[in-house]
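Look for chain A in each of the two complexes below; its partner is chain B in the first and chain C in the second.
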Partner chain A sequence: MSIDIFLNLTVRGLTTGAIYALVGMGIVLILQTTNVMNFAQGDTGMFITYLAFFMITTAKVPYSLVLILAIAAGAFVGLLVERFMMRSVRSRSHLSLIMLTLGLSLLFQGLAAFLFKTEPRLFPPLVSGDPIKLGPIILGRQDIVVLLAAIVTFGILYLFLYRTKQGAAARSISQDEYAARVLGIPTPSIYMLVWAIGSAMAGLAALLIVPRFSLEPSFMGLIQVKAFTAIVLGGMGSVFGAAVGGLIIGIVENLVAYQFPAIKDSFMLIVIVIVLLVMPQGLFGKRQQRRF
Partner chain B sequence: MTPSSTRRLAVNGAIVVLVLVLPLVFRTRSSIIGYLNIAMLYAIATQGLNLLMGFGGLVSLGHAAFMAIGGYTAAVLVMTYHVNMFLAVVAGVAGAGLFGLVIGFPSLRLSGFYLAVATMALGSSIADVIKRLAITGGDYGLINIPTLRLGGWELTSETSKYYFFVAILVVVFLVVRNFLNSRSGRAVRAVRDSEMTASAMGVNVAAYKLVTFIFAACIAGLSGALYAFTISYLHPMNFGLTFSIELLSMSIIGGLGTIIGPILGALFWVMLPVVIGGRMEFLSTVIFGLSIIGSVMFLPKGLSELVTRIQTRLRL
Partner chain C sequence: MLRVDQVVSGYGPIDVLNHVTISLDKGEIVAVLGANGAGKTTLLRTITGLIRVRKGSVMFGDKALNGLSPAEVVKCGISHVPEGRHIFPDLTVEENLLLAAYSMPRSQQKGRLDAMYAMFDILAERRKQAGGTLSGGEQQMLALARGLMPNPRLMLLDEPSLGLAPKIIGTVFDTLARLRESGVSILLVEQNAKRSLELADRAYVLVTGQVALEGTARELKGNEMVKQLYLGGTR
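Then we have the complex of A and B:
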C-alpha cells in the first residue's frame, strides 16, 4: 500500500480507536475502583442516545444542551445503579455484581427495542460539513470531535484521579478497599461518585460515536467488546492503558481490515487471547503478585 | 410414611404425569411442543454452563461456541460424509469436548474478568471461523439438515422429539447430579470455593478445571448436535456472543449452582415470549433483564430458590 493510504488508514484507525478509548476509559474507571466489569456501559449509553435522538429531532432541543443533558443522564443512571443495585450486593461474589450489569444491559436493550422499535435510525452529527484535508490525510469532522473528546476526557479523568482528593480516595480504594475504609475514606460516596463519572462517560461516548454508525438497540454491542479488549491490552488497571489500548486496537484493526478484510473482527480477538496468555498484565498493568 | 413424604411423592408423581401427558394436552397445537423441545435443548446446554459456572466457579462468555461446534460437526458429518447419525452426534460431543480442552487451558492461568474476556474472545471468533469455511455453508448457513433418526425410526413429529428429549434431558441431569455427588464433583466444588484449600487437600486443581471445561463443553456439544437435527438449520450468527449471554441469563434466572435451575431458566426464557405474544416480543427482553437483576438481588438461587421456598411453605 502506498504511504498516503497507510497514513489515511492510520489516522482513520486513530479515530476508530478514540471510540474504543472513550468507552473503555469509562469501563476501566469503574472496574478499577469498584471491581465491577460493567457490561451495561455500552447499553446505558445506547438508551441515553435514544432519548437524545428524540430531543434533537422531535423536540428540537439545541445540540449542546442535549450533550449536557446526556452526560447528566448518564451520571444519574450511575448514581441509581450504585445506590440501589450494587451497594446491596457488594458483599457477595464478583460474579453477582457482573451479572447485575448483564441484567441491566438486557433491560436497556429490551426497553429501547420495546419503546423505540429496532429499525436503524440516522443520528445527526454534532458537526457536519465536508471532510477536512490535511495534506494527504482526509478526516471527517465528527471523527475529529470524537478524537478531541477522547483527549479531553482523558485529561479530565487524569485531573480527577491525580489532582483531587476524591480521585486519590478512588485510587486508594482500588489498592485496598479495607485499608481505605480504616483510614476514614467514605467508600460509599466515592463509589457513587465513580459510578456517576463512569456512566456519564457512557452517555457522552455513545452520543458522539453514534453518527458513525446508526442508532439501533444493538449498536454498542461490538464496540463494547472492542473496548473490553482495549482494556485487557492496556492492562485492566489504568485509564491510561485503556486509552492507549483503544487507540492501538483501532489502528491495527483498520490496517488489518484493509489488507485482510476477511479476518477483521476475529483478528483482534485472537490477539487478545494471546496477550492474556503471554502477558496477562497487559502493556501498562502492574504484574500481579500471586498472594499465598 | 410421614404425611410430608406422602405429599412429596404425590407432587413428584403429578409432575411426572404432567410431563408425560403434556403432548396429549397440546395435541392440536404442536407448536407449543416445538417450543418445549427448544427449551429442553437449551436446558441441556445451560446445564453445562451451570456445571462450569455454578459448580466450577469458572466464567464462560463463549458457551454458545461449544453448541456451534457440536452442531456443525454432527451436521457436516451426516450431510457431507454420510456418517451414521448416532456416530455423528457422538463426534459432535467429542469435538465440542476437544474445543473445551482448548478453551480450558486459558482458565488454568486466568480467572475472573480475564477469563471472561478470553472466553468471550474465543467464543465470538468461532462464529467468524465458521463463516469463512466452505464446508459449513459459510455465511449462508447450513440448510436442510436431516431430521433426527433413531435406528430405523425417524423423529419427524414434535411429539416424538418431545419424548426423546425428555429422556435425554433426564439422563444428562442424572449424569451431572451423580458427577457432582461423586469424589470428582466434590473436588470441582472445592476448587470453586478455594483453590488453595483444594490443592492443600490433594486436589489437582489444573486437572479438575480442565475436566470441568471438557465436561461442560461435551454437554453443550450434545445440545448443539441435537439442535442441528431438530431445527434442520444452522447459522454462525446464531452462536455468537448474544446467544452465549442468553445461555448465561437462563442459568442465572434459573439459579446458578442448582441442579433444576437450568430447566426452569430455559423454560422461562423460551416460554415467556410465547406467552406474551409476538407483537410484544421485546417486552420479554425487559422482563428478562428485570428477572436477572431481581434474582441476583433478592433470589440468589433464582427460580429454583422460589421453588424451594414454595416447597418449604407447603411443607413438602
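Then we have the complex of A and C:
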C-alpha cells in the first residue's frame, strides 16, 4: 500500500466514520439520559430517509430544504416515540423499554416495506460535481458535506450539553435521576427533548450516507451495528467517546476492506468481541458504571 | 402554612403512611422523629410529589399539592434536600446549584448564586470543582445550598447529619439555625433526635406510618418514651 493510497483510504474512512459517529452519538445521548438503549436509531433514520426521498423525487423540494425538513421530521418522530411509547412503559420495567425499541425498529422496517416496497431505490446525490483534489487526496464533494455536517453536529451537541440548562439537566439525569427529580427538574420534558435530538441525528446520518448505498428498508442495519461497535469502543458512557470510536472504526474498516475485502463487515463484530473482552470500559468510559 | 391531613401513601401494594396528619406554621422548625421504616422519608417524598397521595390532602398555604409534579411543588416554594445528599458527582458545584433553580429566570439565578456563595464560603472557593471531589461535609453544605437556591418558603430536610463527623454535624445544625433567622420554615427528618429537639420548635414521632406523639420540642424531650427510644435511655 503506497502512502497516497493509505491517505486516501484514511480520509475516506473518516467520512464513513463520521456517519457511525453521528448514529452512535445519538444512541449514547439517549442511553445516557434516559437509560434506554435505542435499537431503533438506525431504522428511525431509514424511515426519515424515505420521507426525504419522496420530498425530492415527487414533491421536487430543494435539497437544502429537505435536509432541514428531514431533521425536523426526525425530531418529531423522537418526540412521538418518547411521549406515546417510552413514557407509558417507563415506570414498569426497564427491559420492556429496550424490547420496545427493538419492536420499533421492526415497525419502521415493516412500515417502510409496506408503504414504499422493498426494491432498492437510487437516492440522488446530495451534491454534484467533480471530486476535489487536496494534494494527493481525492475527496468527493459528498464526503466533504458529510464531514462538515458531522463537525457542525458535534459542535451543536457540545453546546447543547455544556452551555444550555436543558443540556446540564440531561447530564444531571444521567448521573442521578432521582436527585434531578427531587430538585424539580422536569425530567419528562428533558427525556422528550433528548429523544427528539437523538432521532433528528439519526435522520441526518441516514440522509447523508444513503447516496453511497441504495435506499431500501434494511440499509441502515449494518450501519447501526457499526455504530454500536463505535459506542463499545468509545466506552458507552460518553458522547465524545462515541464520536472518536466512530471515526476509528471508519478508518480501520476502510483499511481492512482494502487489504481483505471479504472480512470487511465481520471484522467489526470481531472488534466488538475483543473490546468487550479486553477493555470492557472502552477508550473513554469509566470502569463499572452500573445503573441497573 | 403546611398542612398534611390524613394522608395515606406508599409504594406498590404497601401503604407506608397511614392517615398521617401534621402541620407547620410559618417560621417554624418542625422535627419528625422515628425509627427506620417509620415513614419519615416517605412523608417528605409525598409532600414533594415524588410519591402520589393515595388518600387525604397536602395543603401549602391555600394551594393543594396533591397530584402536582416535583417540579411544580418546587415552584410553589418548597424544596427538598434528600437523604444521602445526592450531589451530581461529575457536575461542577456551580452547575449543581444552578440546576436547583431550574425554572427560575436567568437574571434571578445569578442573585441566588451570589447569595449562596456569600452564605457558604467553601462553595465559592470550589465553584468550578466537580461535586464528587468535595468532602462529605462540603457535599452536605452543597446539598443545603441547593435546597436554598430556589428561594423556598419551606425546606424539607432528610437526615442532613447522616454519615458526617460530629464536628461537621455541629456546623450543619448551626447552618440550620441561621436559616431560621432568614425566615425559612423547615421540616426536619433526623435520626439525631437530641440535636433536632434542641433546634426544633415542635416535633412529631412517627411509628409504623402513624403519628404516635406530637408536641413542643421541650415536651417531647421530657417524654419518657422519647427518652427511652431516641435519646439514649433513661438518666
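Details
One rule holds for everything that comes next: the second predicted complex is superposed on the first by the 288 of 292 C-alpha atoms of A that agree within 3 Å, B and C clash if a C-alpha of one lies under 4 Å from a C-alpha of the other, contacts with A are read in each partner's own complex, and residues count from 1 in each chain.
Here is the rule we use: contacts are C-beta pairs under 8 Å (C-beta built on N, C-alpha and C of every residue); 3 or more make two chains touch, one makes a residue touch a chain.
Keep in mind it's a predicted model, so treat the numbers as computed, not measured.
Superposition note: with chain A as the common reference, chain B and chain C can be accommodated side by side. Using CA centres, the angle subtended at chain A by chain B and chain C is 90 degrees, rounded to a multiple of 10.
In the superposed model, A:55 lies in contact with neither chain B nor chain C. If you count the residues of chain A touched by chain B and by chain C, you find the higher number for B. Contacts of A:171 after superposition on the shared chain: chain C is touched, whereas chain B is not.
When both complexes are overlaid on chain A, the residue A:179 reaches chain C alone and has no touch with chain B. By the touch criterion defined above, A:114 lies against chain B but remains apart from chain C after alignment on the C-alpha atoms of chain A.
Note on the superposed arrangement: chain B and chain C approach each other to a least C-alpha distance of 17 Å. Chain A has no residue lying at the interface with chain B in one structure and with chain C in the other.
The residues of chain A lying in touch with chain C in their complex are 165, 168-169, 171-172, 175-176, 178-186. Within the complex formed with chain B, the chain A residues making contact are 31, 37, 85, 88-89, 92, 94-96, 98-100, 102-111, 113-114, 118, 221, 225, 228-229, 231-232, 236, 262-263, 265-266, 269-270, 272-273, 276-277, 280, 292.
Looking at the complex, you find that chain B touches chain A at residues 53, 57, 59, 106, 109-110, 112-114, 116-118, 120-122, 124-125, 128-129, 132, 196, 241-242, 245, 248-249, 252, 256, 280, 282-293, 296-297, 300.
Those residues of chain C that touch chain A in the shared complex are 48, 50, 69-71, 73-75, 79-80, 82, 86-91, 95, 98-100, 102-103, 146, 150.
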